[in-house]
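In what follows, chain A forms one complex with chain B and a second complex with chain C.
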Partner chain A sequence: MKLVCSRDALAEALSVAGSVVVNRTPAPVLLCLKLEAKDGFLTVSATDTEIGLILGVAEVDIREEGEALIPADKLNQIVRATNDEAITIEVDKNVANIRGKDAKFKVFGFDPGEFPGTPAFEEGPVEFQTNAGTFRRVIGRTVFATAVENSRYAINGVLLERTDRHLRLVATDGRRLAVARGECGSFEGEDTSSIVPTKALNVLSRLMSDPDEPVSVRRDRNQILFKVGEGPGAPVLSSNLVEGSFPPFEDVIPKDQDKRVEFDAGDLSSAVRRAALLTNEESKGVRLAFADGTLTLSSRAPEMGEAEIKVDVDYAGEPIEIGFNPTYLTEALKHADAQTVLIELKAPNKPGVIKVESDFTYVVMPVNLA
Partner chain B sequence: MGADAREPERESVVDPAFERTILHVDMDAFFASVEQRDRAELRGRPVLVGGQGGRGVVAAASYEARDFGCRSAMPMAEARRRCPEAVIISPSFDRYEDESRRIMRIIESASPMVEPLSIDEAFVDVTGSRRLLGEGVDIARALRARIKEDTGLTASIGVGPCKFVAKIASDLEKPDGLTVIGPVGLADRLAPLPVGRMWGIGPRTVERCTAAAIETFGDLQRRSPLELRELLGSSAQRFHDLAHGRDDRPVITDRRAKSIGHEQTFHENIEDPSEVEAVLLRHVERSTARLRRGGRKARVVVVKVRDGSFSTNTRSTTLDAPTDRTDVVWTAARSLFRDWPFRPVRLIGVSLSGLDAEATGSLFDDSDVGDAARRRRLDAATDAIRGRFGGDSIGRTSASLSTPRNRERSEGADRPD
Partner chain C sequence: MRIQKLDPTLINQIAAGEVVERPASVVKELVENAFDADATRIEVELQGGGRDLIRVSDDGGGIDPEDLPLAVTSHATSKVLRLEDLQAIGTMGFRGEALASIASVGSFRLESRTADHEEAWSIEVAGGIAAEPTPCAGPIGTRVDVGHLFRDVPARRRFLKSEGAEASRVAEVVRNLALTRPQVAMKLVSNGRTLLEFAASDDPRQRVVDVIGREFEDHLVEITGQIGDPADGTLASVWGMVGTPEIARPTTKKQRFVLNGRVIVDRSLAHALKEGFRGLLEPSRHPVAVIHVDLDPGRVDVNVHPAKTEVRFREPRPLHGLVRRAVREALESTDLVRDIALKPPEPSDETSTLPGDSVSHRAGSSSRGPGPSTVVPTTSRGGRPDPAAWRDAMRDAPWPEDHADSEAASPLPTVVGRDAVLQIHESFLVTQDSEGLVIIDQHALHERVMFETLQQRIATGPLESQRQLVPVVFDAEPESVSGLETLAPLLERIGIEATASGPRGIAIHAFPSLLLDRKVDPGPFLSELLERHAAGEIDAPDTEAALSDVLDLMSCKAAVKAGDRLRPQEIAALLDMRSRIDRGASCPHGRPTHLRIPIPELERRFGRSSG
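For the complex of A and B:
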């Protein structure tokens, strides 16, 4: 295999593919990226056995077809550190020679036949198609709220539901819940619902840089495949679905919130961040006191100090004081991806809700400030 | 520093304003005293509280019984032999823990900085209370009077500039004693004490020390930590410091502890797994009650078992979510214990860590599992009724006591390692 390619295009592809590769594994081939030069295209593949990715690299001049399996981190580091516009890669007997203007690297690889491979996105009708902008937004509005580990529920992923053309994504870590809605352009077949691993959606988001590109989704029993864009070289991401059941989230979305306040998301986020400066391990909560026309945010850290921030609000309802973990608020305000948000409350011991129209609903449990 | 330097001057240069004042409150023959208080016919007579079965062990001996050489942790059969006229009583934990709750509440009136050590023992940092309530000795005197007045029981209190010295002091004039060891001349005051009083120096080490002509704290003071290392290993520096009365560990309340737990050493090997489990359950109940009192939740459950050959094994598990529920911790602790290939047990303990200050409630716990809510109410009710250390919860088999209480240890501190 021998090829010359643009440094920038290669660096971008390797970086995304590298995010699939795990840091530690007993199988060295899983630490590698597979390069394949064929029919005038260069593709890069990566897998962690749960998630697989194959994507094409633009601006490549293939001199000799072939395959190679090269350790991902070294390849990434070399390409990233290079300033040359073009890079030459030549592979002979599992050894990769990477050359720039003034540099020559020899990297020992593995037999490409040992690579487990990644599933292909078959031709034909897909389950649904949507544009990358929409899909990226609904993923961004939910994926931050997933849990790191599963508890008795499968919550280290995002629930991806489709009912006709309506998409609903749901994520929770047991203390807060994010629900995002969007539409798909076309769909086929019965309604579907499954849990997609957090990591797969994070990789997918990186692939959807052009909001107008179509994203095609295909599901079978325990796998989901995404194709971003069209034609040869379009990235295909495959992932095993998370097994297990998602918690009964509909039950915990409050329906009788009677106190509503509208905020500029940036203003509220800034106020919460400043109030959070005087919290510590012992007092993680920030107190929000709503009273006639003013929201007062306050915090107190024993043996450290106190903070108080006032925000003018359009609120004339019954005064209410409620505590929240500030991180749970700022994360939601950041990922809400909206100028204006609506805060809905009921009582100090009931969950609070952050809403962006009907597209985004975020439920968060309060902190007991007593 | 010369090997012979005793450096008593080191203590006296500390500005008194920065000197801590720590109390160690230790109830006298606690279980036996409660029984004698409640049953007039037992007063003035030797009383042994503990299991009466063949393998029973003395949990508490009244001072009358101690005159006959009876000690807690002694096999009951041996205690009976030494004092045939002793009255033997089965323990009733509920009452003792009830009493303990009242006592701890009295102690908290002197300072919020209370670190419970076991059912009848606590450290109190009264440094911040001195301006309001007087010197350590005045506070100790007032506490002893109130405990006596409100509960009819006597406590021995030691006052010192650190935990270690306070603990040593409380033991010096037991029972019904009050001993103050101030920061001035501290090392001289400690010098005559036998090394066996040192925390962590057991009979075997005492033998080795005696062989090396180290019999008192003074002997430890005069040897350099380097010299002591051969005898005492990696803890040599620590023992050297303690012998001088230097101990900077803070008093740690359950609200701040990095871990909370209880463990218990048996006087002899326990060969019946169910008996060990009963004790483990009691440790779990006390530890989780302390979590709830401190408003904490734990994520990691560690069970420590030492077998008859003194090899110690710790096993731990991480829970799905932080909890303060007795049943959740018990399920985890029991399965850890059952995974251990059983051998006769010398020590059993549980320690809860990964303590979470996370105060955000859970979205799903109560809504999806009615059972969880019910169990939480049960825990709350039990806490309310039985008091701060938790009791034997309703429906759970209470731990039968064939165990010495005086070798129970609790933890509530962020131990160095």
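For the complex of A and C:
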């Protein structure tokens, strides 16, 4: 195999593919990226056995077709550190020679036959198609709220539901719940519901840089496949689905909140971030006190200090004081996309709700402040 | 005061009981009498482990010849006359039965001379019949000879252990007695060989060191403290010396408590001592300690047991707190980082200095439960036994309001050069301080830091608690479910809200933010906590001890583990946090957090000095 490739295009592809590769594994081939030069394209493949990614690099001149298996981190570092416009890669007997203008690297690789392989996006009908902008938004609004390494595996992923043309993504870590909605451009077949691992959605988000590109989705037994864009070389991400059932979440969304107030998402986020400056590991809650026309945010970390931020609000309801983990608020507000948000409350020990129109509903449980 | 017959109603007020069961109890009674006679030198001699002869000689005030016949009669004493006096016992012997009891179980001869007389007088008792006193030559003071102990009581005699074992018990009694009277010179001789010899000293520390063993001297920490007001009689003071954790023992044998000059066995004081060491000792180790407690005699009932080893405090709680804080404070201001290679002294077992088989002695004492009679004397109310020195020193010492006072300077040596910290095997941090190479167990240190932080934090109110969107439900044994109710007040303080969910299920509604942040799974955590409670490891929910146990568990779960790779910032933060803690030298489970290889040890190992 021998090729000359645009440094920028290669760096971008390797960076995304590298995010699939796991850091620690007993199988060295899983630390590698597979390069394949064929039909005028360079394809880069990566897998951690749960998730697989194939993406093509078009800005390439194939001198000799072939394939190679090269450690991902070294390849990434070499390409990223190079300033040359083009990079030459030549592979002979599992040894990669990478050359720039003034540099020559020899990297020992592995037999490409040992690579487990990644599923391809078969021709034929897709389950649904939507634009990358929409998909990226609904993923962003949910993926942060998933649990990390929770023993209830189902909530370590995001629930992806389609009812006709309506998409709904749901995530929870047991303390908060994020529900985001969007529309499909086209769909086919019965309604579906499955749980997608957080990592797969994070990688997918990185692939969807152009909001107008179509994203096609199809399911194959316990796998879900995403294709971003069209044509040969369009990135294909495959992922095993998370087994188990997502906890019933509808009941958790409160319907009887009696205190409502609107905010500019950016203003509220800034106030919460500032109040959070005086919190620490043992006292991380921020107190929100709503009274006639004013929201007072305050925090106190023993032995460190206190903070108080006042925000003018259009609130005339009963005064209420409630504590929240500030991170839980700012993460949601960040994904409100600088719009107006509606905050709904009921009581200090009851959940708070953040809403952006009907597209985004976020339920967050309070903390009992000391 | 002259010797008189006790009022019969008073006789009944005094709990009945036999005082004399073996040579050690005879020695105890006789030495106490010597103390009460203001002796400055007391010598105890044994023949045949005390079976053949026990002789106690003192240089005290002596007994008037006319009083001699009365002295060997039951319930005769010079110390208690009325019931009211019993409420405030300041002397050692008071039951008025010792000499008579002793005289009834062996051949008995008492020889005494007061300063007013030119000659000594002796009286002999045989078969319960006292002969007429006869004059003889002798120094001022009293000498009692008890021979052929239990000769006429074969049942008792059969229960005596070997000669060596009985001598060991006598030695133990003499040590206890010696602790209570540092200003009295004491000597124990057995079969002509001197077993113990304590020089009179005005410094009680000297006596403690003599009794505990000189090899421990460098590992003893002095404790002091007091509470209350002398005006209303609530004053209680504590003084003592405790051994650092590295000389802790597998048993409580090296712990002695002295209450108003009387060695006692008291579970609550022993517990207070252990609490003071909380987190510094593994559960199976027990501190070495001598602790003197002084309080108004009206606040303690010593007349619980004929041997007076057990007492009943009117208000045990403040006393418990006093001892615990005094111990804790002293340890906090001590550098407890263990030096490697400086081998902690293995104390010579006390009994091994004695002839005869110490094995049978040990077996004997362990089967008997809480040791032989170990009571000791005090002079009357006017003359408290303890040298004024430490009392004055104690009064001058400011007493902290509460234990939240951890302003005390950190006892940990300063780590030099934070950049030069090496994490090895993702488990240990290696650095240096002014004295040598320091090795830190990252988990143990972080655990200790979290424990202290949580303790300080919880003193100001319940821990911050994150409510659950959906309760975390887990299966639990019925005893865990029922434990939920008992532990409810404790759980509330640490920020856990949980309810029973059926007979075999538990639902968690709120969980401490801190633990969630540290990725501690609520279900397994509470499950373990409740299981430990069911197993009796976490006791009554309202005590500080139980809270400490739970905070231990929280810190352990939340701390970085061995195997966690730490970033340089994390290492720096962890080392910084050492200053927030007052006893970083051990994790809450008592394992050390730091070890040090001193430079001299390194030099020695590398052959650079012979040290």
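As a convention for this text, the second predicted complex is superposed on the first by the 366 of 370 C-alpha atoms of A that agree within 3 Å, B and C clash if a C-alpha of one lies under 4 Å from a C-alpha of the other, contacts with A are read in each partner's own complex, and residues count from 1 in each chain.
In this text, a residue touches a chain if its C-beta (ideal position, glycine included) is under 8 Å from a C-beta of that chain, and two chains touch if they have at least 3 such contacts.
Fair warning: this is a prediction, and the values are worked out from it, not measured in the lab.
Novice: Quick check on the chain A-based superposition: chain B and chain C, clash or fit?
Specialist: clash
Novice: Using the superposition on chain A described above, determine whether A:363 touches chain B (first), chain C (second), both, or neither.
Specialist: A:363: touches chain B and chain C.
Novice: Under the stated touch criterion, which partner chain does A:153 make contact with: chain B (first), chain C (second), both, or neither?
Specialist: first
Novice: Have a look at where A:317 lands relative to chain B and chain C in the superposition and call it first, second, both or neither.
Specialist: Neither partner.
Novice: Of the listed stretches 81-89, 171-179 or 531-539, mark the one in chain C with C-alpha atoms clashing against chain B.
Specialist: Answer for the clashing stretch of chain C: 531-539.
Novice: Show which residues of chain A both chain B and chain C reach, each in its own complex.
Specialist: 149-151, 172, 174-177, 247, 252, 281-285, 323, 325, 351, 363, 365-368.
Novice: Quick one: in the complex, what on chain A touches chain C?
Specialist: Per the touch definition, chain A meets chain C at residues 148-151, 172, 174-177, 247, 252, 281-285, 302, 323, 325, 349, 351, 363, 365-370.
Novice: Show which residues of chain B lie in contact with chain A when the two form their complex.
Specialist: Within the complex, chain B contacts chain A at residues 255-256, 320-321, 357-365, 367-368.
Novice: Which chain C residues qualify as touching chain A in the complex?
Specialist: It comes out as residues 453-454, 456-457, 460-470, 472, 495, 510, 513-514, 516-517, 519, 521, 523-524.
Novice: Any idea which chain A residues touch chain B in the complex?
Specialist: Touch list, chain A to chain B: 149-153, 172, 174-177, 247-248, 251-252, 281-285, 323-325, 328, 351, 363-368.
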